[in-house]
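As written, the chains take the letters A, B, C, D and E, and residue 1 is the first residue of each chain.
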């Protein structure tokens, strides 16, 4: 299902299994899964809407061929057989199918003669593990249909479904390109949620480090950096992707939708802006941490060293009067001992004053 | 109202509330506010000028349709209903309205068939909090009108009003594009004020750190960096925005105004230049701070260590003559004790000379 | 044979031997080798396939001239004579031949009137030395033939051979450009293997450093950095190369193959992405290492200094009562000694409490 | 007059005074000045030359309208009235006049219908303050005239005057564009002088830091960095400016002059190259300084710590024989004391040998 | 003659002498020299070749006008008079002549109506001073001739002469453009020699630093960095230069030669690649050095501090039994002294065990 930065490859087939396969081999690269793949369909035009949960491929084909806009939502991509079945109905290129089932595929937009192929990453901030998780999402934008593929149940498309059902707004009046846009917009909108959570987290760590840096914090900074890396890897290609979609000459994109794509492009830049700000902030945290740690250490060492230094001459004086010379006149003075103690006090006070004047204590 | 770097999201609705809304939903993203939104109008041509404070929408419509140039200044964007009302009169795209009320929107220029949409950030240096604050400003440049939207009362447009009223200069002779330029120019001019204040602040902190670095300074550097980040996020897109406005093929921009836009572009580059210089200077401050701190610490440790080291052999000598051997000839010399003290003095002096020669003290 | 970062030049003729030679002089630059160069041929069209191991040049010529697609695989490039022989049959430019036998040649694509010349690096992660090794591979894409040159036996092309033999898929139906693509794809697929191994290695080192940094780790980081350098030098030019191949106007590249080249381009970007992520991670490791080392050192110094500091006043007290003054009343108290011990205990406890309150222990 | 990095704004009107003024308001931004503005004219063609010191505006107008090339050199820009007078004679755009009197204006080239407007910075290395100073210089290149504006008496144009008077070379044969080029070339030539002085300074500081780093050096590095910043801010835009002048389609630039502009462009690249080298060198100095300081500190601490460590066991031995046990056999040996001294000597020597073997001393 | 990084300007006229001279003034900028300038000519076509050592200008002119290819090799550029003589024969632009005698001129290619002007830097690694030295080389590529200018006897062109004499290869069959290419190729080939020597040096220093960093090494790293700077300043413009030569529309470059120029371009990229790798490696060395130094210092401090710490409680115990209280029971035990020694041994062993468990020793 969802994947972390991609260094660990223990629990999922890795990209390297494809070494011996021909290009266009649909091998599912992702976390193992057992649920059945489910297909939900919403078919609509301005006047009517029809929903169909757990549809079969036949149904898909029939509806997609009609003049209504058909949204085929495929939940689960771990069974390449089914994905290939959909591929053969909609005449998808083998390379497209390969990319749909490869959760490592980075966001991109590719034009094929009959359709546009769009890869996205759906972001979720996992509050338990304090990690950003990315789900692999693909869209096929055809003439009267959109097919969306996602790794598992639970998505960010619910608000789009609500708008379709409520028949409010422009979505029911426009074509499949607007639907594809609406789905992408839902994904991008969700980045703001993830990014705000990360912002809270960063601020919390920053406050903690400024107040009192602890050794554990360095690991937290480490983890923050990795999460920002994950985020950057998802959003930088997104910008390029939506930019080229907006400028695409494809007949599938209508002028009216282009304005919305431009707005979406603007949103991705905003996400990138925030991400880069995070990067700068977290980069500076390491310095703050080191300064804090070294300040504290210096403070300790300074106090202790000054403390020791004050006692050194005192101990020396005691040592002198501990020698066993036959003739040490002071030893025989009546108040010699008390004079020594007084001398020690004076020495200690003088030293303290010296330290204070120098601004050391 | 005004916003800081955007990490804290406690006091204002955040971008993520829009997750479930369709694109083009005008949700006010910013600090909560209760004042009534006010609309001021100035309507003029070369010969006459008419001002109207707290106008209603009807009036707006009537004046805007006339051949005179109409400046509609909207103060307050926290009531999406009113903004939508203006939008429907002037036929603004829903996406434009959404961006007008979203104070997180970054500076940009977008061409629509009937108007140009311009987003800016008005900068104010808050002397109390020592922070840069940014107010969200939007401009609609139409054929015979300009609509400006701002978050709250009190703006940088007063000098433009004065010029309109005094009927001096070219502003009354030219069209709405020159008015839009004049408003943008007023905003950019104000960056110089903010930037000069920041320059003073940087210089002050720099002087302090060079003279005697303190632990608090690291937080000040931290804060400076965040403010420079805010500034950079406002001015870098500004440059691109004004550049594309100057080069825009829109019929709304007349050749005469282009020269002024080129000049404005030049001003934004100047602001960017200063900002980047600040960045370099503040980046270097951290090094200066660390050098200063470590210099001071080294100085302390050195003096104290040398001090201790001098006493160590002296204490050793005292220890030797404090042993209880039956046969220690020196103990029985008449002036043995004084000879020991003399020896100690000589040892101490030799060591001091050694340290001095090595350049350690 | 395979080469490391290219600093050591002890065991192979270096680039500088060419200083006195005319351009286009085929000098083998690489590890010395004695095996005979071997030529294997696979000649096929949709209907038939013929393999020929250890073929002679005559055979090559005859088959290449036919309408079938001929893949001539040359194993060993250390004998410039043979390479020149092949060159004269296929009319290769002297500069091409020079680059084929120069294992230092970086990846590139060059168009010649009759053929396209493609240089690649085949990556292998050597588990024994924990080093990435690169083998120099060149491809000549002609009208009905592809010639591949490699340094030694054992390659990543076996899966391509299997597909040719099994007659499955599109490879037998398409032309020489698809064969060249398939070979390049095999090379790029293999980068994922190398990159995954490196990822495991990085993760392992990272875990170790976070847990407990050791002095040896700095060398390991050093080695990781060098390997990432090797990888970057191979994959960055690869991207440019495949990009220009995809966009090439050469008649040798058919439209159908371009889609596959676009996919290949996408794969190289993915490898670059991972490489750059590695770079960031390994770059951060050095900081983690230094933080860890300094944390441990600070811990030791702190404990030891506190320990010493506690004993310093105790030793001072003992010193005072070790002086030989005639009149020290305390010495004659019955329990004076025990009182002193008690005093010492109290002093030690007070200091410990002081340290604890300050958070130093 | 001349300005430093632009942070301090105490002694001159700052950019922000313009906040309330309309665009194109000529406000002198620079050091206050009282001298009268002076205008010198040189009017020439191939056959004759006429010089006129302290000319009035009428004279300017008369000569400029003639077919001869007229160079009008304006010394002093602190009186906007006079500059506006010149502006109205030569039909200069208000924005041009504003930039002429704004000493903060960065180098740029702007084409206006009738003239080219060129802003430059004249560099001087002030040997007394060890600072680079920049003087604001503007050029107006018109059809038969060039107007140069500078802040104060004393310029780098004297060699150009000499060449004009001596009637040698091509300058008298060519048009106003060559004169403008010659003036710019004189300015750029002067950067080499400034840059060489800075090079000497850098080298001197570098030698000093390598030999023995002192605390004051860090301030010197600081100052070097600021000067390099000033230099960079002047020369980077210069490059772009001269590049666009060379490529300008303006009829004012004749083909013959373009070759010279290309050469000038080359010179600015050379200045930039040197500047960037300085930046790298000064950047590295900080590291050298820190290494040097820490080396010295380490050396001191090491020697002192080793010294203390040797005495610690010796003092311990003395302590043991200073105890007052009834039964310490060694104390009653005849040569016990001397044996103890011998033992101490042996212990000290063994420790020294141990330290030496470890390479610590 | 040869120049270092260009900071020291004691022994040669500096660029700044040109401040008072008109553009195009040929002033020799380089090390003073007294030898006579020598001109060698090789004149050839496919069938015949004629060499002429120490030719005079007349001869040059006569041969260059013929249909054969004439290579005029000028050794010494310190006498501007002779260079101007050549310039007037071949109609060279004054700016070209100025650049020929200016050894500070960076590599560039400039097209003039009748010829191409090419500036290069010939690299030599001086084994004695361990420094890279650069010699200033200029080429004039005319219709039937090439003129090469170099600072002093001894060049890298000998292999080209051999090829011309031996009449082997394509050089005698092709035109002056191929000759110019061959000369440039000889220069670039020589960079590989210099770069390999530097690689050996870097590797040697790296090994030394990893094994045991010494204080002198920091200077060596410093010197390495300066040499890499020299190299970068020579090779980066070289790439641009050869690139624009390859793409030049000049009729002087024949299509056949373009393939060779493309190859040369590829070689310069290879040199740049190596240079950048060096930069990364040397950049990392500083970190390795610092880590090594601090590791060693930490090691020393740790051992010494632990050592001292063990003795502190022992000395305390001795101190306690050195007090002169009347009533210290232990002192009168028969084996009290030995018990104390035993106690000390136990304390020491316990502390050692504690340190070992903590992993400190």
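Structural remarks
The definition used in the following text is that a contact is a pair of C-beta atoms (placed from the backbone, for glycine too) under 8 Å apart; a residue touches a chain by one contact, two chains touch by 3 or more.
Chain-to-protein mapping (UniProt): A, B, C, D, E = Magnesium transport protein CorA.
Predicted model only: the values in this text are computed from it and were never measured.
Shared contacts of chain C and chain E, meaning chains that touch the two of them, come down to nothing at all.
Taken over every residue number at the interface, the positions common to chain A and chain B amount to under half, indicating a different-residue contact. Separation between the centroids of chain B and chain C, computed from CA atoms only, is 43 Å.
Rounded to whole angstrom units, the spacing between the C-alpha centres of chain B and chain D is 27.
Touching two or more other chains at once are residues 301, 305, 308, 315, 319, 322-324, 328 of chain A. If each chain is drawn as a node and touching chains are joined, the picture is one closed loop, every chain linked to exactly two others. Following neighbours round the ring, chain B first and chain D right after, the list reads B, D, E, C, A. Across the complex, chain B meets chain D through its residues 156, 158-159, 162-163, 168-169, 171, 181-182, 185-186, 189-190, 192-193, 196, 199-200, 202-203, 210, 259-260, 262-264, 266, 269-270, 273-274, 277, 280-281, 284, 287-288, 291, 294-295, 298, 301-302, 305-306, 308-309, 312-313, 315-316, 319-320, 322-328, 358, 360.
Contacts from chain A toward chain C in the complex involve residues 5-9, 14-16, 18-23, 93, 95, 98-99, 104-106, 108, 110, 112, 215, 218-219, 222, 225-226, 229, 233, 286, 289-290, 293, 297, 300-301, 304-305, 307-308, 311, 314-315, 318-319, 321-324, 328, 330-337, 340-341.
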